[in-house]
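In the two complexes below, chain A is the common chain; its partner is chain B in one and chain C in the other.
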Partner chain A sequence: MTDTSQTKVPRPLSPHLSIYNLPLTALMSITHRMTGAVLALGTLLWAAFLISAASGEEYYKMVMYAASSHMGRIILLLWSAALYFHMCNGIRHMIWDTGKFLEKDKAMRTNYVVILVAVIMTAVTWVCAYLK
Partner chain B sequence: MSNGNKTSDFETKLKKAKGLGSAHHGAEHWMAQKITALANIPLVLWMVWSFINNQGMSYVEFRFWLADPFNAVMMILAVISVFYHAVLGSQVIVEDYIHIRWFRNLKLIGQKLFFFALGAACIFSVLKIAL
Partner chain C sequence: MAEILLPPNSRFIKGEKIDASDGAKRKKTFKIYRWSPDTKDAKGNVKNPRFDEVTIDLDKCGPMVLDALLYIKNNIDPTLTLRRSCREGICGSCAMNIDGTNTLACTKAIDDVNGDVQVSPLPHMPVVKDLVPDLNHVYAQYTTIEPWLKTDSPAPSRERLQSADDADILNGHDGHGPAACILCFCCSTSCPSYWWNADRFLGPAILLQAYRWIADSRDDATGERLDALEDPFRLYRCHTIMNCTNTCPKGLNPAKAIAEIKKMMVARQ
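On to the complex of A and B.
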């Protein structure tokens, strides 16, 4: 930084997050965090399920009733989608850790692989759930 | 960060560094996150598969299923691995986005205790059914 007294004009700022059109890779990154946070909160429902099964039949039935309601199914659907996205993108993170696929074009292409696999896994899960 | 050379600055360098810089536990945190992530894959897939198979199970049927040693151990492992992973992940999120010192520390400690308490309740529930 050669800060002389002549250069006191405000310097241009780099595009700030609020006005910057995020590329898909960046969107995937923040989605990974958001799904992680949602899944962390989802442990509450998982705990509610296990604790109810240990607490008595009426509690277990209450949780089962809530889970099989329309709202419950929607929450489970979103939960499974968040889970598969986080899992697939997490696997990509592990591959990145080995130094592979870090180039811009490869990162961009694997974005679509992650999304596609997550969608397919969610769909297969729900088809199986309804066929069973 | 070039205020280290000011003559009016009475704070020592140690005072400035404390609580801000590396505590030399970064690699452990990273490794634990990766190992739990890896363990989560089979454990969570097993959970989803089990939930699909177990839908519509009555209270007695489900307790019988969970009392099976394999299922009980898998469930406990899933709780440990996922909850530990959640502790590490939520810690990073708070560290990155919450900058008010007291609130950040409160949240870091609080959520750690929360996950451990919830995890303990889950494991106890499985053991209560299985044993």
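On to the complex of A and C.
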């Protein structure tokens, strides 16, 4: 016999993240948070740089050497990309907070604008850095 | 807090494979979430949920996912449990996750899905049975926004009138305003913020309804309604992820309604 009063069996939770087909806006939102975290870490690196610059030529040279190694450059590249993405998407969030561009199609299109502008800004920064 | 993994009693076990297509030309496989408190193993413990794969002949059923589910229920497995009523996208009963997106089974065409059609209950909800989620909590949240007209003036002898422009705010010029919401909860159960914070965040469906009363020119309780939402969780857990607007089967825009409420909060300070 089925107990119809109140099932004593704990109910399972229906599947969520594992089955949901996340739209680009959701992925952008996750990326926004991750880049935020990366930037916070990057700020520590930045602080290390400033401290080293303040504590004498030798330390300064050491940090500069680390920063210009392949690994250092890759980290700086990712950091700058994270910075520009977070900035562009942050601006979009500010525009969203005024109630604009919240329609489905516009939100989708501004995804691409944010990505494109972030990529262009990163590319321009690095081209400038290498031309110098 | 955010629990990415499903709790132990909610993970899947191997399901059954049933081929009822009988050499059909147009066949399709439906992977359907199944769980029942009455399905027990030899020791008497309730079995975990599973996805059953059922292959059917599409020429034998109607064009929508709901048609296929009812075909399976009527002809293959009568224990398959789901909610439906209107079968024309207006009652909101048949909301479920189909092919990774929340929508109404009765308005989702089978042909819109490439490959197998995966069907599961609205996400991150307690399951009553199969495709039926427990909606008690969302309904309780709905009552907290007091979804009725509140006025200071005495009741007139006829309806309270409203200008066409004011009515447009509720209905939308295109018919996609907040008054068109059918409370199917596709949006709320698509929202990651709601998944992780449903205990305190009201979620897009309820906030859209809150906005529907806040924006009503005939309602005199706007300030009181905004006060009730002034809370770090109830309203402000929305981070404009936009899953809600992307998924609404009626083409409504809960994310925008939420942004409008946030704007009104700032404007009245």
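Methods note: the second predicted complex is superposed on the first by the 117 of 132 C-alpha atoms of A that agree within 3 Å, B and C clash if a C-alpha of one lies under 4 Å from a C-alpha of the other, contacts with A are read in each partner's own complex, and residues count from 1 in each chain.
The rule we apply is simple: contacts are C-beta pairs under 8 Å (C-beta built on N, C-alpha and C of every residue); 3 or more make two chains touch, one makes a residue touch a chain.
Worth saying up front: this structure is predicted, and the values here are computed from it rather than measured.
Chemist: Taking the superposition on A as described, I'd like to know which of chain B and chain C A:M87 touches: first, second, both or neither.
Modeler: A:M87 contacts chain B only, not chain C.
Chemist: A:A53 in the overlay: touching chain B, chain C, both, or neither? Say first, second, both or neither.
Modeler: first
Chemist: If we overlay the two complexes on their shared chain A, which of chain B and chain C does A:P10 touch? Say first, second, both or neither.
Modeler: In the superposition, A:P10 touches chain C alone.
Chemist: For A:H70 in the superposed arrangement: first (chain B), second (chain C), both or neither?
Modeler: The answer is neither, since A:H70 touches no partner chain.
Chemist: So, A:D97: does it touch chain B (first), chain C (second), both, or neither?
Modeler: Once the two structures are laid over each other on A, A:D97 reaches both partners.
Chemist: Shared contact residues on chain A for chain B and chain C?
Modeler: Residues 93, 97, which sit in both footprints.
Chemist: Contact residues on chain A for chain B in the complex?
Modeler: 33, 36-37, 39-40, 43-44, 46-47, 50-51, 53-55, 57, 60-61, 80, 83, 87, 90-91, 93-94, 97, 125, 128-129, 132
Chemist: Over in the complex, which chain C residues touch chain A? Could you list them?
Modeler: 4, 6-7, 9-10, 33, 35, 37-38, 46, 48-49, 97, 99-101, 118, 120-128, 133-134, 190, 192, 195, 239-243, 245-246, 253, 255-256, 259-260, 262-263
Chemist: Which of the residues in chain A end up touching chain C in this complex?
Modeler: Touching chain C from chain A are residues 2, 7, 9-23, 25-26, 29, 93, 96-99, 102-104, 107.
Chemist: Please give the residue numbers of chain B that touch chain A in the complex, ascending.
Modeler: Listed in rising order, the residues are 34, 37-38, 40-41, 44, 48, 52-53, 55, 59, 62-63, 66, 75, 79, 82-83, 86, 89-90, 93, 115, 118, 121-122, 124-126, 128-129.
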